[in-house]
Each structure stands twice: as structure tokens, then as C-alpha cells.
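Input: structures, listed below.
Okay, so subunit A shows up in both of these, paired with subunit B first and subunit C after.
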Partner chain A sequence: MEWVRNFLRYRAANTFLVFIGLVMFFSLLTPNYLFVDRRNLAALGKLFPDLGVVALGVGVLMICGEFDLSVSSVLPFCSYVFVRLLYRGFAPFWAFWAALGVGALLGLLNGLITVKTKMPSFITTLGTMMFWRGVLYIWSKMMPAGIRNLVPSGSLFERTFAGTVGSFFPVQALWFALFAVILGILLHYHRFGNWIYATGDNRDAARAMGINTDLVKTACFMIVGVLCGFSACMQAVRIGSFAATQGIGFELRAIAACVVGGTSLRGGVGSMPGIVLGALTIPILDNGLILLRVPVFGISAFIGIATILFVVLNSYVERKTR
Partner chain B sequence: MERQNGEPLVRMVNIHKWFGRVYALRGVDFEVYRGETVGLIGDNGAGKSTLIKILSGYHQADQGEIYFEGQKVRISSPRDARKLGIETVYQEQALAPNLSIARNIFMGREPVRRWGIIDRKVMNEESMKALANLGLRLRSPDLPVVTLSGGERQGVAIARALHFKAKLVILDEPTVALSVKEVEEVLEFVRQLQREGISVIFITHNLYHAYDIAERFVVMARGKKMADVKKKDTSPEELSQLVIKSAFAE
Partner chain C sequence: MNNDDSEGAVGNPRLCYIGQSEKAAAYRLARRLFDEAKAKGIDLSKAHVAMAAEVPGANYAKIRASGILEAMKEYGITSYEIIDAGGLEMTTVEARETAYLLAHPETTFLIGLGGICTDRLTASLKAAGKQPGEIIAGGFDTTPDTLAGIKEGYVTATIDQQQYLQGYFAVYVLYLYNKYGFTPNIDTGGYLVDSPEKIALIEKLSPEHIR
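Take a look at the complex of A and B:
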């Protein structure tokens, strides 16, 4: 039974169990087993990485002890940069890299403002969230901007970000998996990961041990920014348009996903497997409840309850296993 | 231990430090010889912590000089101090509670293979070795530090200093908030450092903890050095009188 205890001591374990439970619940109880229907799974795999990719970065940032509320503005901002550059005649490839660059830049700005002013990032990124949203609304006049003719469906670029592998498997899920693996290696096997944990767990200790905690935090903000840029392009290509409402609500849903995955709000605690499970659980909850004919506008209530239950469960299990 | 050839390992000369309008250090001279253990004592706010934080690179002096092994040095970051061989075990515990023992010992100096990937095997083995050197046997290097007792945590922090071949270990209030048994444990760790010939600065306001292990005492009060006495020339009673008197003297 040693391995059972080891497994349970693992922080993401209860998320995993609940995740399995949810999947089974929805599989059996949705009408006509719609949840496990091929088309539903394909749609799910196509849609969840929009938030999932962002949540991966937000989780890493939370482990180093910071938040980023500005993702819901940085994402559509990057999307608009991408679309404008396409309109200017740039190749999608270059517009894509430019969007990532803008994401990195906005992340850098979040990081610098936070570490230089020594203000909580909850406040600084609340400020940048409102600021960039305002700028975006003026710049774009909130008009959607279609890109179907610039990124035609079936083109290599379109297939890279919105295609399917083997005529069924959505490529977005593969991108999500790729980022999860890269960030997982960074977090758990690379020395920089140890600096991220140390910074979030005890900043003074990390500084005393010669870790440049300001640099670590700023780098994590930039990771989030780049992932916002990526998610922005991926989403714009899928829906074939820029929309000013892209990413709305992502800031808190990403945090909820990370918390569900066992990430601490105080920093220093969390894991990539946990964050991945959290990023899967929230959309599955969404999707399953819709299939169960729960009114769409009420779903938020369930996610709210789930988030609270997970926090309570996590801290309970933590106390039991210590 | 006798002092060799009169050359101190560290010499701080005429150190001044202001924090805004607070004059925290008012021209302090302080030295530590090789293999010597110095008890740095004084009331809260006497300037002990400020002085050693300058030595460990956490603060910079506004005026004054530091010599290490006879060379004038500038210590402008914790990294600089560690390069010289000065390791500090802070009062607020320089450990990350949720990280494993091994990850704490190697924090900021992880052994890596290619592309910065941590060499876990080396890290775990070296951690257990460093702890065993202190006489500390812990179940596994993967345990989070939060599961350890207060004494064991100080042991982990001291093992870190030992592993990285420190020449001088600064212990900032290492016995605060520990049980009697744990204090004895920590003092035993310090004796191990002494046996390795490492210089130690032991900062405390409980001079009975320092009395057993220190060879010399420096008493500070209100930013000044008030006394500098060898153990053989004094007694605990006299020292505590010194601390109390100097706190009120003008």
C-alpha cells in the first residue's frame, strides 16, 4: 500500500481522482452518452486549449508568487496585432511571431511594474488589464476583423493552428500538450524551476541564496505574455477573425483552473501535472454541464462551487498527509 | 583555538550605516580570526543584524572598509559574499518550507547537467552526505523542509554552509524559538563547524546559548561596539551586566 500513500501525498492526486470521477459521471449521465461522443470530444479538444495554454503560464506565475489579471486584455491585444499585421500584408508566419513578441513585451511590462513598485501583482495587473483593454477598444473600435481570406482554411498556417491530426485529433490539444511538457520540464527538472519555487516559497531566502527574484518573476510574467500571444493567434485562426471579446474572463478562470489543480494562492506550491488537470477539469465541467442541459448562464455557479470545494479538499488532504 | 599570525580572516573597519534618518551603525570595528567563534551579543536593535547583513552582502555600508584574508573587498550582494566563502544562516530561516531538503541545500547553486537540467542524483547524494557530516540523519532528501523540527531545519541550513566549503559561517539568532533539546542540537552543529576549522559568528541575545561555544564576545548597543572580551577574561554574569549597562549608557 506504500504506493497508494505516496500517490495520495502527491498534491495533484485528489484533482486526478475528482477528474476521473467527473469524466465517468458525465460519460454515463449525459443523454445518449453525448459526452464521450466523438464530435463532442473533438470540439472539447479544439476549444479548451484557448484557456488551457494561458492557464499553464498563469500556474507557473502563481508558483513564483504572482498573479496576472491582464491576460484577458493582453490576449485580444495580441490577436489584434496579429490581424492588423495580416491586413498590412505580412505573411501569417511573421504576424504570428510579432504577436508573441508583443505578448512578451506586455508581460515584461507587467513584471517590471510589479517588481519595481513592489506592489502586489493583483493590483498592478488589474491596472494593466484595464489600460490595455481601453487602448484596444479605441484602436479596434471594437469591430470584429475577419481573416478568412488572409489565412484560408486548408492553408499550412491554418492547419498548424486549427487543423486536425489524422482527420480527427484537434491540433490545439497537441499544442497544449507540448507547452505542458516544456513548462513541466522547466518547472520540475530545470534549475530555473527551482528558482521559481524558491522565489514563491520564501523570497527572502531565495534572495539570500543569490537568486535574482526580480528576474525570475519578470521571466514568469513574460512566459504568460507569450502564451497569451500564442493562444490569441490560435483562437483568431480558428474563428477566422479578431473579436474584441476574445479572452474575456480568462484571468479568473485561469486562476480557478490552477487552484483546482492544487496550486497555492500564496506561491511556492503547485505542479505541472496538477495545473494540466485543472486546465482540463474546468472545461470538462463546463461542457458536461451544458450537455446535462444546465442553463448556460448558471454554469458559472457550478465552477464557483467546484473551485471552493477543491481549495478546501486540497488543504484538508495536505493537513492529513503531513 | 589560538590565533595564527595575527591576520584576521575578516576585518571590518569603521562601518557606518544609515537607514533613512536612523543611524544604525556608528563606526564599528569588528574582526574574526581563522577558526575562531565569536559571540555577537546585544539587545534588540543594537545593530548586530545590520552589521552582519553588511558582511553577508544583504546591505551595503555607507562608509567603512571590509578586508577578507587581508584583501580589501567590496561585498555588494549575497552572491559576492558566498564567492568569498561567507555563508549566512538567517534568523528568518533561509529555507523554502515547501521545497525538499536537497533543493534547499542547493538553492541557487543547483548541480546541473546539460542545458541547466538539475542533476538529481548528485544533488540527493551530496545533500545526505552533508547532513551526515553534521551527524544529522534524515529519512530522505526529498522530504519538504516543513516536515522537519526547528533544530533539523537549522541543521539543513548549516549543512548547506558546510557543503559549499564556507570559511566563515554567520548564524543569526539560530536558537530563537527552539526547544531546549533543539538548542543543544544546534550547538552540536556549531561544534562540528569548529572541528572543521571554520570561523563562526554566533549572533544571539541569549548569551547563555553563545557562552558554551564562543571564544570571544563582542557586545553591541545602539550602533556601537561596547566591549570586546575573550571568554577567559570574563564570566556570563559580567557579560550580561555589560549588555544591560551598555544599553542604558549614553
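Take a look at the complex of A and C:
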């Protein structure tokens, strides 16, 4: 059973086992096997990437030893930039790239403030979260703005970000998978990934090795910003409008997803497979419990308990197998 | 303005209130939806009402739910559930409404107690594989997707609380109070949007931030 022991040595393996258990539990116990019903899988595949794509970036940043609480404001800010440019007559393609650029810029600001002032990113991004949301509320007057006539259903742009493949598979899930693969390669098979781990694990040691840790951290903040911009456009196209409340709560849910996936809050530890599993686990928990007809009025309590148990179990299995 | 004390003037030493009577508006909406069901020949004694609230404990949601419950009593409907839609984030709301519809095939009515829950009704009904009118849905506010849902037949009616009037009358009443001491209570809401004609007017004035 050496291969089992080897498999369990991977931090993400524990997450994977619990994840599989969870999927089997919901698949077998939901009435009429609703969890694996085509409609439910399609809805899950369409909806989870809004948070999932952001969580991928947040996870990379956490491995680098930093947090980004501003995602919940950067996302709707980028969404509003996208929508405003559409209203001004820009083609969706250019509005999309502008939203990504704004996301990168806001990420750059987070990074520069954090590394130049040596302020904990928890505080930096708490401040920018409040700042950008305030600016957004003033700028948008919190008015919803529809874009259905600017990005019509069935148009190439709409199908690229909110369509389906083979009339079933939501394209959003493919985008999530693509970003996971790219970031996975970056994290595990590229020199930059080593720098991220080194910076998150021991910043001084990383510096002594010649790594520009400020640059690495700032780049990770920018990755999060770009992913927020992407998710913002994807969500705006799907819901057909801008809403000032987009992204509210994403900051903690993204961190929760990464922690469930085995990413350390102290930096230097985590993996892309783990982050992916964590990003899937939170929405699956939410979904599966409702399908089990748990009273929806108090479902947050169940999810809170389940998240803690998940992490405790993860840590326990890890200790036992070491 | 906008959100009154749950007990109205009794529970609050306010001078006056300018805004929607939440209970009356919810009652009006519910009656419209229940009448629609009756016209379709649905046995209301077996009907199930699901009410989705972004913020379940919020005053507006509680008062609106009480208006719906009052109408339910009149129509002999006893089965209902208030759903915690998970906050103000649209994706979370849509995910929960969709999962609820899949898990509760007995649902006859799906009512959004707030603007975000109402906005996501159409997307949730489509994701759950429902046809227009199969579930009788309605709610509050006139966001873009809510209006689209009425056009497509997924949403039967929504309530427009006409916020423009709340701002307008607030200033007007302050002037009148200063000059003559008037302290009126003005109900600006309860405007039922349930036809393409009413939508056309709202869509025309919405970019100007009037409707």
C-alpha cells in the first residue's frame, strides 16, 4: 500500500478524498438523484466559476503569503467599467480588455501599497475594498444597467462567456478549467511558481536567494485583479446587466475555498489542484444541502459547520499520514 | 422615507412617512399571482409558496412576507417556506433559487421578496427546466432581467415602488412642513407591473433614472 501512502502525502489528496465522499454522498442521497441531474450539473457548472475564477487567483496570492479582500469591490468596479464602455458604443471585445486592464491596475495598486508601505495586505485590501466600493456607489449611483441589447443573446461574445458547448456544458466551467491549468503550470512547472512558494514560505530567505519578492507579490496581486476583471465580464454577460451588489461576500468565500483546498493562511503552502477542489466544494455543499431539502432559511449554519469540519478532517488525516 | 417602521407611526415617533406601504404592496402582488393561478385552474389548497429573501431578517422582507401571508389566508393557501437566498450577490441568489426549485417540485409560486431575488427568478426558472408560466413567479422592483422575465412570460408581475416620488415628495413635504406644518403619510408604491405596456413606459424612463 505504498502508493496509497505516497498519494496521501500530497496535501490536496485529503481534500480530494473528502470531496469525492461529498459528491458520492449528495449523488446517492438527494431525492431522485437530483445532484447528478443534468439541470443541476448545468446550473452548477454555469454559476460556480464566478467565484471559482477569482478563488484561483486568491489561492495563488495566499501561497505567496498575502490576502486580497478587495476582490468583492474590484469585481463590480470592473463590471461597471465594462458596462459603461458598452453604453459609450465600444465593442464588447474592447470593453472586455479594458475591464481586464482596470482589474490589473487595481491589483497593481494593491501590490504597490502593500510592498512599499510594508503594510499587511489584509489591511491594505480591506481599505481598498471599502474605497473602490464607495467610488463605485458614487459613480454608478447604484443604478442597475441592462446590457441585453448591447450583448444580445446568441451573439459571439455572449456565447464565448455565457454559452454552452454541445448544448449542455457551460462554457464558464471551461474558462475555469483553462485558468486552473494555466495557473497550475505557472505554479508547479515554472520558475515563477518556485518564487511564489519561496516568497510565501520565507520572504527573507527568498530575498537572500536573489528573488525580487516585491515583484512576485505585486504580480500575484495583478493576477487576482485580472481574474476579477474576467469574472466581472463573464457574470455581467450572463446576468445581462451591471448590479452594484455583484461580488459582495466573494472576499471571504474565496479565502474559505482556498483554505478548504489546503492552502495555508500563513503562506508558502497550497496547490492548484487543492484550490480547484476547494472552489468546487463550497458551491457543491450549498447546492447539495438544498437538494437534500435542508431548511434553506438556516443553510448558512450548515455550511459554516461543514466548512470547519472539512478543514479539521483535512488536518487530522494529514497528521495521521505523516 | 423608503422603509417604514414595522408598526408604522405607532412604533416610531416620526413626523410622516413617504414610501411604499410594504405590506399593502405585497398583499396586492400576492393577490395578482393567486388570481393568475385560479384562472389557470390550479387547486390553491394544495399550492406551495416559496419566498426568497436576500436578507431574511430585514424589515422590508418580513413586512412583505406578512402581506403575502395575509393574502394566502384569504385564498386558502397554507404551505409556504421563506428561503435564505444567501445575500445580495446575484450568482449566490440564482444558485439557491435554482436548487430550491429542483428540490421542491411542489412549488406553485416563487416570489422574490427583494429586487435581487426577483431579478434572478427568470434565470432560475430556466435553469430548473421550467416553462414560462409553469411556476407562477413575481416580486419587487423593476430591474432589467425582471422586466425581461415579464416579457418572456416567466414572471407574472412585479411591484414598482416608484422611488423617484419618494425623493421628490420628501423635499416637497419638508417645504410644506416648514411653511404650513403639514405631516402627511404618502404611499408611493404598489404599482403593479404586469403588462408590456407598463414595461414600455418604465424602459423609456429608466435610463433617465425616473422609473
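Just so we're on the same page, the second predicted complex is superposed on the first by the 313 of 322 C-alpha atoms of A that agree within 3 Å, B and C clash if a C-alpha of one lies under 4 Å from a C-alpha of the other, contacts with A are read in each partner's own complex, and residues count from 1 in each chain.
Just so it is clear, a residue touches a chain if its C-beta (ideal position, glycine included) is under 8 Å from a C-beta of that chain, and two chains touch if they have at least 3 such contacts.
Keep in mind that what you see is a predicted model, and the values were worked out from it rather than measured.
K.L.:
Given the superposition on subunit A, are subunit B and subunit C in a clash or a fit?
P.N.:
Aligned on subunit A, subunit C fits beside subunit B.
K.L.:
So which one touches more of the residues on subunit A, subunit B or subunit C?
P.N.:
The partner making contact with more of subunit A's residues is C.
K.L.:
Taking the superposition on A as described, I'd like to know which of subunit B and subunit C A:Tyr189 touches: first, second, both or neither.
P.N.:
The answer is first: A:Tyr189 touches subunit B but not subunit C.
K.L.:
Name the contact category of A:Val269: first (subunit B only), second (subunit C only), both, or neither.
P.N.:
A:Val269 contacts subunit B only, not subunit C.
K.L.:
Given the touch rule stated above, what does A:Ala205 touch, subunit B (first), subunit C (second), both, or neither?
P.N.:
first
K.L.:
Rounded to a multiple of 10, tell me what angle the C-alpha centres of subunit B and subunit C make at the one for subunit A, in degrees.
P.N.:
150
K.L.:
Would you check which partner chain A:Asn40 touches, where first means subunit B only, second means subunit C only, and both and neither mean what they say?
P.N.:
second
K.L.:
Quick one: classify A:Phe310 as touching subunit B (first), subunit C (second), both or neither.
P.N.:
Neither subunit B nor subunit C is touched by A:Phe310.
K.L.:
Rounded to whole Å, what minimum CA distance do you find between subunit B and subunit C in the overlaid structures?
P.N.:
36
K.L.:
Need the overlap of the two footprints on subunit A, from subunit B and from subunit C, as residue ranges.
P.N.:
No residue sits in both footprints.
K.L.:
Any idea which subunit C residues touch subunit A in the complex?
P.N.:
For this pair, the touching residues of subunit C are 56, 81-84, 86-92, 94-96, 98-100, 102-104, 116, 119-120, 123, 127-129, 143-145, 148, 209.
K.L.:
So in the complex, the part of subunit B that touches subunit A is made up of which residues?
P.N.:
Residues 56, 58, 77-79, 82, 88, 90, 92-99, 103, 106-110, 112, 115-118, 146-147 of subunit B touch subunit A in their complex.
K.L.:
Subunit C touches which residues of subunit A in the complex?
P.N.:
30-31, 34, 37, 39-40, 42-44, 46-48, 50-51, 141, 143-146, 148, 235, 238-241, 243, 245-250, 283, 286-287, 290-293, 295-300
K.L.:
Where on subunit A is subunit B touching in the complex?
P.N.:
Listed in rising order, the residues of subunit A that touch subunit B are 185, 189-195, 197-198, 201-202, 204-211, 268-269, 322.
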